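Order of writing sets the labels: A, B and C. Residues in every chain begin at 1.
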């Protein structure tokens, strides 16, 4: 009974990992036989490829900003909706809605809304006289932040639900006894809710961290990493090593280099996760 | 458990039923892939007609792709799911067909056909042949020109169609100064895809101004990007002046065309072979537009490269070469070619077709659509050069858009030279790139240097 | 006391505003797509008003008749069905085994599952898998794609295992005494008790399959007749004529959105509770 899974796991998870670990030492395109080049892919990556490190920087900016925006909003919504009131379930369902939508299709819609030359957002802002000239939401300066906002759109619901689950596990008696002591609302928040929620918050942050590092579907459709790599993230860069996008570039697939890059990216994420776990270790002990 | 298995079976059944539907008839299928969209409405009825009337029981499956066409083709061939016939031009020719994916047609081409296409002078190495193997048949010729909106020119008081870099810059500035209040701008370029944008400007301008293709000098066998910086600086200037349409960095060519069709863009660059069909069939417009010459610096050292001499190539993997050739012969018959030419959907380079057709209304209205004395076919630069870092399209697009870190044009060009030449040398050394040097290469007669 | 009331009112107003802003932010793109799909192209391109001036249902007719959207919808439905069934069958059986039985290398397997759950190689994995599937002749039908999308299921196995662990062992002991084999125990004892988690696994598999873009795109390159909706819609951006036909793009997007929306309206409780369960157990 375990067999089907073991087979599928070996083929779809284990095999690619082995493939990557092998070809990271090769120069390999689709026309010629792979050539063993030792560690040169890594030398190139660390010494001759500033563009890759730019995408790493973009990735960190993307992940950081997305978390900073998403998690507080999700937390506040969760706190508000945790107390049942008329319509709270409907609101919860609405806010959760984007999580079930296809991010690539929605990125297409966002492109229609955001594009600078005739997008709906600029039209609305101009009509409300909030801005004079149209703003280029997808320009070099703005593109990455815009991608973050689109990412936030798709993510709030998810983390809201995690937080709500956490809130339900906080025993009601604590609040009741605190209320008897005449506690104020902010005190309730900072002295009880947040401390009690720390383990949950810790887990959610980790899930959000790992998840956000892998976002690329919507960026791929919205900006294709452009303009000039302004919104390029590391996984998108790797993707292009395997599937060179543009029809007019004389680009060549570089599988070996892509494999090396992906190993480095996986390590970066691994290190970040590990560092995060180390840094937050004490939380469980205290509460 | 059983229920799950049953469900699985049902699903599998659905699937096979679906697959079964598709292969019910026993016809010889010839699959064609193309990235040509302007002539879609013309070609489709031709194909339907062929499917209904041909006596060899052939059925053409015609599929249109676009921006990721080359990627689709490469993956298709790599996995054995590729087409039998495919449109080849530009990078697809050099990276796919010329790289081993084209089946020689010499054994199937009849004497008559050979003569029809123009005989010896029509078949040239690296343009449609490789080492004597005919890989594609002559068809059209296309090259970019300046596309401009006559109404806007008139309203801005511009009388002369600009020809040099300075003139285009000045014209764009005038238009923008006078009309930007109405949302009309002097110039636009589809920089969402730098390769697509610079592939229709820089790549063709560097022939007349520097005698290069893709930055490559056939005489020396080196990349010399430092010689093309004046073109990049020219494009940059229009952005610096604010004459460029807002959001050029988000424009693909088709959205750009819709904006042009809506009368909001004064000038842009695109192909003689495409725009007429686009504005008559795809984005029908009232705008009165015309072609102007491709901009240069005033002196000419080489011809303007044109994409042409080829159309469909046959896949080396095709299992039905005879049927595919019959389809190819039909699609490149006088009847089909002439009709498309007369409707202005392509600019024929086959004398027999031009002779036997009426002068298309399109060319009467836009004389610069036709091939000019200064247009010529260049050989292809080395293929398979795996450069490290950004390609020159992205680097130059960065400069044109004024992105921080891309300010120093000369330094950028030097860096590109270093990286491209290093990759070239490395490729030649390990056998993944074939060296290309023509010591007697003359950019004023590029095709003459090859056979 | 009065001051208290004022703060309360202010707090409530803030809350309401906050929620309202969030709802607008959330719903606007979805409604934009739905509304846009019923507008003329001109209205959409000019950004003229939120509601359609004329209701252009023919956009959908066009999408279905000319652009073959029936085929793509059918592909998506078939794909989702297979994925859902596969995910449920495979991960529930494996989770059950991992929870109840000892076998050689169990520890190693466990470690492997856990380790690879956190290794994110991104889209790289698609290439070797695609090449392998191609050699096996599995890239010309939706089953191959479904298998790839379903993949290793490591996290679902942990989810199911957690649930199975909460079922008292006495139950299968007594089943065994009654002469039930492994399979029978699983089907008659375990499955009914872990239904909630199976529903969750199924729902999420359905969602993932319906929304998958990159894997599907690569698998169906050059095979238009196999494309699921997501790929078809996004490729509309560059297909014949449609690059500038935003209304058709919006209609395509709506065709991709509406079915999952309907599923969601009926199952949003399961979705949310499922996610919660996953969060707690996983």
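To be clear about the criterion, a residue touches a chain if its C-beta (ideal position, glycine included) is under 8 Å from a C-beta of that chain, and two chains touch if they have at least 3 such contacts.
All of these numbers come straight from a predicted model, not from anything done at the bench.
Trainee: Which chain has its C-alpha centre farthest away from the C-alpha centre of chain C?
Mentor: B
Trainee: For this structure, I'd like the pair of chains sharing the most C-beta contacts.
Mentor: A-C
Trainee: Nearest whole angstrom, what separates the Cα centre of chain B from the Cα centre of chain C?
Mentor: The mean C-alpha positions of chain B and chain C differ by 39 Å.
Trainee: Roughly how many whole angstrom separate the Cα centroids of chain A and chain B?
Mentor: That pair's centroid distance is 37 Å.
Trainee: For chain A versus chain C, what separation do you get between their C-alpha means, in angstrom?
Mentor: Each chain reduced to its C-alpha mean, chain A and chain C end up 17 Å apart.
Trainee: Which chain C residues touch at least two other chains?
Mentor: 45, 89, 183, 186, 218
Trainee: Could you list the positions in chain A whose residues touch two or more of the other chains?
Mentor: Chain A, residues with two or more chain partners: 118, 243.
Trainee: So which stretches of chain B touch two or more other chains?
Mentor: 66-68, 71, 75, 255
Trainee: Okay, in this complex, where on chain C does chain B touch?
Mentor: Counting only chain C, the residues touching chain B are 45, 74, 78, 81-82, 85-86, 88-89, 130-131, 134, 139-143, 183, 186-187, 218, 221-225, 238-241, 243-244.
Trainee: Where on chain A does chain C make contact in their complex?
Mentor: It is residues 1-2, 4-6, 8-9, 11-17, 19-20, 73, 76-77, 80, 91-98, 100-106, 108-110, 112-113, 118-120, 122-124, 153, 156-158, 161-162, 164-166, 169, 185, 203-204, 210, 213-214, 216-217, 220-221, 235, 238-239, 242-243, 255, 258-259, 262-263, 265-266, 269-270, 273 of chain A that touch chain C.
Trainee: For a test of understanding, state which residues of chain A touch chain B in their complex under the given definition.
Mentor: 27, 29-32, 35, 44, 48-51, 115-118, 133-134, 136, 138-140, 224, 226-230, 243-254
Trainee: Within their complex, state which residues of chain B touch chain A.
Mentor: It is residues 35, 66-71, 74-75, 78, 90-92, 94-95, 99-100, 191-196, 199, 214, 245-247, 249-251, 255, 259, 381, 383-386, 388-391, 393-394, 397-398, 401, 403, 406, 430-432 of chain B that touch chain A.
Trainee: Spell out the residues on chain C that touch chain A in their complex, using ranges where they run on.
Mentor: 11, 15, 18-19, 22-23, 25-30, 32-33, 36, 44-48, 89-91, 93-94, 96-98, 103, 109, 112-113, 116, 118-129, 132, 147-148, 150-154, 157, 182-183, 186, 207, 210-211, 213-214, 218, 229-230, 233-234, 237, 246, 249-250, 253, 256-257, 260-261, 263-264, 268, 271-272, 275-276, 279-280
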